[in-house]
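The following blocks contain the structures, represented as structure tokens.
Both complexes shown next keep chain A, but they swap its partner, so chain B is in the first and chain C is in the second.
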Partner chain A sequence: MQVGKRVGPKRKIWLLSGAVVGIAAVLGLVVHFLPSSGYSGEIRGTEPKMRLMSKEQYINTLTHIFGSNLRIDARFAPMSRKDGLLANGAAVANLDAGKLDQFRRTATLVASAVTGPEYRDFLIPCQPKDEKAADAACASQFLSSVGRLLYRRPLTDEQTNVLVQVAGVGAERLGGFYSGLAIALEGMLISPDFLFISDSYEPDPDNKGRFRYDAYSMAQRFSFLLWNAGPDDALLKAAESGEIQTRKGRERVVDMMLASPRFEVGTRAFFDDLLDFEVFDTLFKDPQIYPSITGATIVDAREQTLRTIVNHLVTQKKSYLDLYTTRETFISPALAVVYGAPAVQGWTAYEFPEDSGRAGILTHLSFLTSHAHPGRSSPTRRGKAVRELLLCQTVPNAPPNVDFSALNNPNPAHRTQRDRVKAHLENPVCAGCHKIMDPIGLTMELFDGAGVYRTSERGNPIDASGDLDGTAFKDTVGLAQALHDNPALPSCFVRRMYSYATGGPTTHDDGPYLDYLNKTFGEEGYRLPELLRTIVLSPAFSQAIPTEPAGDEISEPGKAGNLTANALQHEGSR
Partner chain B sequence: MSNWSRRRVLRGIVNGGVVSVGLPLLNCFLNDNGTAHADGRPLPVRFGTWFWGCGMSAKVFVPTKFGTNYDLPEEIKAFKPIQQHMNMLTNYTAFLDGNENLCHFSGWVATRAGHAPKSREDRPGETIDITIANQIGRTSRFKTLTATATGEPRTTVSYEGVNSPTMPEYTALHLYQRIFGSEFQDPNAPTFTPSPAVMVRKSVLSGVMDDVKKLNRRVGAEDRARLDQYFTSLRHLEQQFDQQLQRPDPIAACKAPPVIKDDVPAGRDFELVARRHKIMSELMAMAVACDQTRVFNLAYSAPFADTVRAGYEKPHHSATHEEGIDEERGYQPEVSWFTRRAMDGWVELVQAFANVKEGDGTLLDNCFIMGNSDHGLARIHSLDGMAMFTAGRAGGQLKTGLHIDGAGSPTTRLSYTALRLMGVNANSFGSKSNATSKEISEIVA
Partner chain C sequence: MKTILWSVRLGLALAVGTVQATAAAASSEETHDHPVQLGLEQGRIAYVITARNWAVYHRTPDAKGECPRGFNDGPREQFSQLFPNDGTKRTLLETQLMREGRQWFPSPEPEPFKFKELAGKVSYGLNLDGQVKDNDFVSPQGEAGIDNQLYRAIGCIAAYREHDGTSKSSRNETLRRYNYNRFIIEISDVDSLIDDDRVTVKSYRGLDPLMTDASGEAFLPGGTQEIDERWGGFARATWTGRIVQGVLHTEPADLTLPAAGSFGTTDNYSLKAYRFRLALTPEHAEGVMAGYVDVEEFIHHVNMTATSLQSYGQLSSPSLYRALRRFADGYPDPTSGEMTAISSALEVEFVRVYLVEPSTPAKQSSRVSRAH
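Moving on, here comes the complex of A and B:
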């Protein structure tokens, strides 16, 4: 798959801008200029991050190295959601004793499987002279090649020697070469060099006084963003050769990565985070109220939306905005029952009928079921989700002392949810927030808590009219179009993507650059690969703003130390 | 790793050695009074917490009598069989100190971490269970064990630090496997052979610690603090390996539970939660009895209690806000129904500990278990009139069978009482209005 190929005129602009940067460098200027759209703000780069590997990144990385037959039952602690993304939580997550214990136990299982009789002949590139004894040469060959992929940079001779010694001692004590090798692999899998995705930086030879991420850090920044996994051999070679530190080299690498099937995995990971699909891990629907929703329905609901996203944005390279209006999707047998579609076999491309009331991913079961109660719909939850997840707006917390019992008390005047939630709007304490949530959510009342289309509630017709920031509509198709046309939709997406790419919440200082990204995103048809390409080729992605140690003394973990910050000034890279 | 050597790799191995010892299991391992092991080691005092979400309805929950032989209103009728093993603590307050009342968050944070959070991003910091685990949990296999019957990995009211929520075990099967799976060493097993694999694993940790030290030199101050915690975790793992290499002392009360093969299905229905909670209560009791941990946390429901009852469209939390008050009864009947199920859970936990014989008493006698919630009356998210419990006699340090009126004093008094009785050297606990240096003296023996 070819993506993101720039056309001639744009290349010329890039070259021209390169010249500008060159002149600026000669003049000792530290300001970088973006190559198009007349933007001339300073690109600050980002602070180095130390991100704890997520469960998905752990699994993806290991299955890329050892093959998808390796089944990994990983149960790691979920990240905290920061500024809308779990990925941002990875940069502040700690490794306490409980979490380390989980990583350690998983490492034992992985190492045992990799070196076990079922897979060893495929995964270990050599055979020991004697299976019952240590074999330093074979151990070294395996550990150095696997270690390079796990640590995302070549092991030093010292590191390799230590691991080979561990494997040797293990072989002696445990009675065999493979047992010893497993212990060494376990050690690697709990090393910070594997579990923490840590950015290293170095002085930028092209920009005096500035820093850039070193080649291996660039490789892992690319790979965790685009593939949600560690770098493969080709990417590490691009780092080893220094190619990744050149503009041309980065262009080749990013195009190669965007064309890889692994980019689909990376895209899924981002949207899983953006849309808060983690809730599907524990989503529950009352089987008495919604008998059509089974465990398979819930699993497939998530998959349907992710398939639709990948097909729309990656395969067909269509506009992000159209994701909210398209009727093209996929369904499975479990979903066909709920959608009232003809029975299908396996996953099948499907187009919602024009009169289905469905348009875009907000009318998928995934959104409708996850932002509802186990036994009923919730206009408030749905409206809140649109505001917070898709428009990056914050809905304040509910006031603590409000009586919602009007929502339940039998009252003949309360025929539908609209009548009941009116109480929110009549109470001035509630009205401020509910006015921005309910007009969205009440339109979605056309779907019950299981996502099934309806036009009435308990025999009473549903008034599905609504409003989004001044744009009125009468049904969910109208809501979809209003969302599609809302300028906050793409700008929120850009903000989240930039944050996801750089590993932390955006700040006020990022504003001008985000404005620039918004503009180019629109100019390039709101296409995901183009946005990613712009971000990763930007100095914002490759330049580092070192974080100086806060104090003069840097203590070693676990005890007070005696190294000063100045003494370590040049240890930012290795 | 420049100092690595074969000798270093072997460290921990040469100190191990394979031991195979026959060990008869008799009550003679305890002294005549059953309060200490025969060699004079006292039976340890352990600490546990239990949590339920969405508070209670005072009208049918708070006994009218104080002191001993208090009455059991209908929402806590289930307490009858455990009344003499526990204390009811009512009318306590979590103070906001001018901060927003963050529904279902401020209350438990104030109680367990001692301060009112400023925002939901203002994570609790270290909660008392961790403080206590650092005091009494360093010699057991797990410093602390945390589980939730909700089936959801995010349900936790325990934090090691600001960005370190303690991840709970959220399925019964995984809790079983973690405690009593392949790495469990039965202290009463007739023979003991240190695992050579553990010996080698322990030796690997030195190299990993060196990796942490190296990385520590490349990162900023905030990340160094994170690495410091990682290092501490490695040290704990090292201690865990050390323990596995030593013959455990026999423990008469320890009887490994039957193997669990099938898990309780995922789901929030109260019946599933109850099944999960029962198994978890029994596993926790036996984990404590077998000295796998001396500190535990168990949650029946989350602060946003979303337990459901099949056929009733509102989860517990939604019902607290949307169900009308029954004028005749004076409370929300469906909400009360959910609360009663949670109280059934508390009874189950206390009984699980009371059912384990230890010395001449029970395991519960040597425990201090506290129970609390996020609110008083959840319908209005009140933080006054809060109810809490204790169970167990903490090795004779606690009286039981009492109902105490907190008279609006801080909920942190219970936490402070726990800290003091568990040996934490603290002159006070909490900050601003939640600060206290007063134990709940009425329950201290």
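Moving on, here comes the complex of A and C:
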């Protein structure tokens, strides 16, 4: 099967042996002129993407299918960050033998647990006539029902038959029905149909000559965006019935999904990506210098900010901008020691005191510790993070021949970090970038590398004055307000969210629609659910711009296409 | 147990804060000069206990000065003497069970073992009776009249060696592990941690785990303890006291000290006329608690550990019991006149905590379940 053609009838179970599969999207230039409520300009559709499932998506999906008792210890290679998001890196990820082996090991454990004696009576809807022999009827019942959830669309009869055959052969060779079933399930868990989230498209009956994503692709696009997991049975039913292809049906489905507790999971996933929180997986603080930063502190720091975000944006439906000024948050005992506050066991609501110097998530330990050195603070890292993560501005990397001696061997006469980083501004090679980072980061010097509030450094008063794009402030509360009022803050958020939702970096052509989204985001009080609803109900989310295939296999209007495992199989065989 | 001696710290209490701050500033670019600032909260400050050990003072190599005849034999050595491997046939009842019975049904009748009592003259502790008697000790700082006859009894038992006694390591381990052991003192009516002529000290039992630092060994000031009175307020007691040059001195009061040992088995101490002398900082408190402990109760605590554990520290419960009875110096029995309690001192360390009122019993129980 090739890109631009309908999926062929012959699919096989993929027991991959390590072929390198590169997936790269080719920029399409087709522009659609489609109506959208409240917007009369151009709305581009998006190119079909094939994305490698993230570790969290893998775990969430299997947990939803098999239950949370099933402990899934998945350790997958990290994605590369592209245009500010790991999610964009998933669309250019490759799967080599090493990565496949990681998936295979996890699949083996999951399949073994699901079919094992502890869970089989709960997870397998039938019992074999003889546990020591194959049972095609029972295997078919289980594999077709689970396969629909794993592959995010019903299995074809041939797919089911092949899986049942695999289970049967396994049962014979391994001497038991459940052993055979485990082999078939493991095969599904390493199949590209499961591991790759691929978009399929079809002619749009309402817009001749154009394409839309098919119903199952829409279901998974909704689900991985809003829940960070594969679609559930209700969502697949909405796809099967065609409801999801109607405006009214999509609205019902989206509202249902936004009201689900799983939306909190989806929100966490986005902000975890946006705020570069994968650094917490490897964050280290020198225990000699920061004895209060324990492993529990680091885990809880990440959780505190995500918990605050979910409560602020999802539960209370407050403004995204206020996230950077609110003193409302949650603390745990491990964090309370650093914040200097009492906290009973578990998580409790907490409001930073007015005189704490803390306002907004930039003054959480998560930001302050992750954008600092293991043994000291870093105004440069903090300033760079604000510029890149929150304002979508690019700060070039330091030149390779930069002289760090002034920082690594500080002059004792330099009493505070402000004195030391002056070297940046005196060197014209450095000054260009540091002028936009340091005035932000130096204000955050009110917090040391562990995030502890301070007003002096080694006995010397800290001058925390700073500037953000012409707005001056004297402390972190002032910085928070300046960030809150900076027009780049919401526009960057919209850009990242649109990119995250559509599966790839934005381009210049997206500009008009992003302007529209910015406008409506502001008019609706900078509320996350409204922004997401606008995006996912827009043609930008549902319309496909077919990738132009190479050679003579040109996609023709009126024919369906996809980026599926079959396409991969074909590409791999060339 | 830290190597810092509380006695030294008591003497240097005023200087400690300054020395620590100066040393920290010189050692690191960051943080040590600006830890989280913990101040008094409306004249109150609370601490939770992180170490408590019966005070033993060993200053000579291998304690040969304090124990010139060496350390006492333990259960294994005594068993070998009583029942040598000479071919004699003996029943389990006549041997192991008989010795176990001697622990749980103790008697002051003589045993065929010579008990090696402490010979040293210096001891930690306090002058409990305001007198200077012949059998009193002298404190490391030279204060006469120190009452700590418990030290005379346990000072030459290896389990209680000052720095490496098995009892010490075991008790500190269980103290940290089991939340039942959270003994908290709250000092109120405090105007200054340096000098205050009248303060009130109250004790409670807490609910929460201790907060350890990144090394996992030291305890962080600034944690939180919730008062736990699901089984009553038995740990509550009140003292009046004063702070003199950074050291808390209190009057005596009776106290039920919560204690949980191996496997979380609870076995509280009923301490009589106990009082504090603690060097205070905004983050820590360190020093002694001293008073009288009931002899029968003390030996019951010893017996709550298995004989195998006692053997590691050469601690013979029957022999110790007899010594405790001999050295007991307080609370005479109104009928016989025999002393029922023995003067004692606990070396203690506390770390600063926030103290919060108890939530509902159901919430507390759910948290305890998670903690264990």
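As a working rule, the second predicted complex is superposed on the first by the 506 of 574 C-alpha atoms of A that agree within 3 Å, B and C clash if a C-alpha of one lies under 4 Å from a C-alpha of the other, contacts with A are read in each partner's own complex, and residues count from 1 in each chain.
As a convention for this text, a contact is a pair of C-beta atoms (placed from the backbone, for glycine too) under 8 Å apart; a residue touches a chain by one contact, two chains touch by 3 or more.
Please read all numbers here as calculations on a predicted model, not as lab measurements.
With chain A as the common reference, the superposed partners chain B and chain C fit together side by side. Look at A:Q159: by the touch rule set out above, it reaches chain B but stays clear of chain C. Of the two partner chains, neither chain B nor chain C is touched by A:D355.
When the two structures are aligned on the shared chain, A:S200 is found in touch with chain B, with no touch to chain C.
Greater residue coverage of chain A by touch, when chain B is weighed against chain C, goes to B. Judged by the touch definition given at the top, the superposed model places A:D121 against neither chain B nor chain C.
Once chain A of one complex is fitted onto chain A of the other, the partner contacts of A:G375 extend to both chain B and chain C.
With both structures placed on the common chain, the touch criterion links A:P287 to chain B and to chain C.
The minimum CA-CA separation between chain B and chain C in the overlaid arrangement is 7 Å, rounded to the whole angstrom. Within chain A, the residues touching chain B in one complex and chain C in the other are 287-289, 375-376.
Interface residues of chain A facing chain C in the complex, by the touch rule stated above, are 285, 287-295, 333-334, 336-346, 375-377, 448-450, 452, 454, 456-459.
For chain B in complex with chain A, the touching residues are 1-2, 4, 6, 9-10, 13, 100-103, 120-121, 123, 142-144, 146, 151-154, 160-161, 163-167, 174, 196-197, 199-201, 203-205, 207-209, 211-213, 215-224, 226-237, 240, 266-269, 306, 308, 310-315, 318, 321-325, 379-382.
Taken together, the chain A residues at the contact with chain B in this complex read 47-48, 50, 75-78, 80, 82, 89, 92-102, 104, 158-159, 161-163, 165-166, 169-170, 173-174, 179-180, 183-184, 186-187, 190-193, 196, 198, 200, 281-282, 284, 286-289, 373-376, 397-398, 400-405, 407-409, 546-551, 554-558, 563, 568, 571-574.
Of all the residues in chain C, the ones that touch chain A in their complex are 25, 28-38, 207-209, 211-216, 218, 220-224, 226, 354, 356, 359, 367, 370-371.
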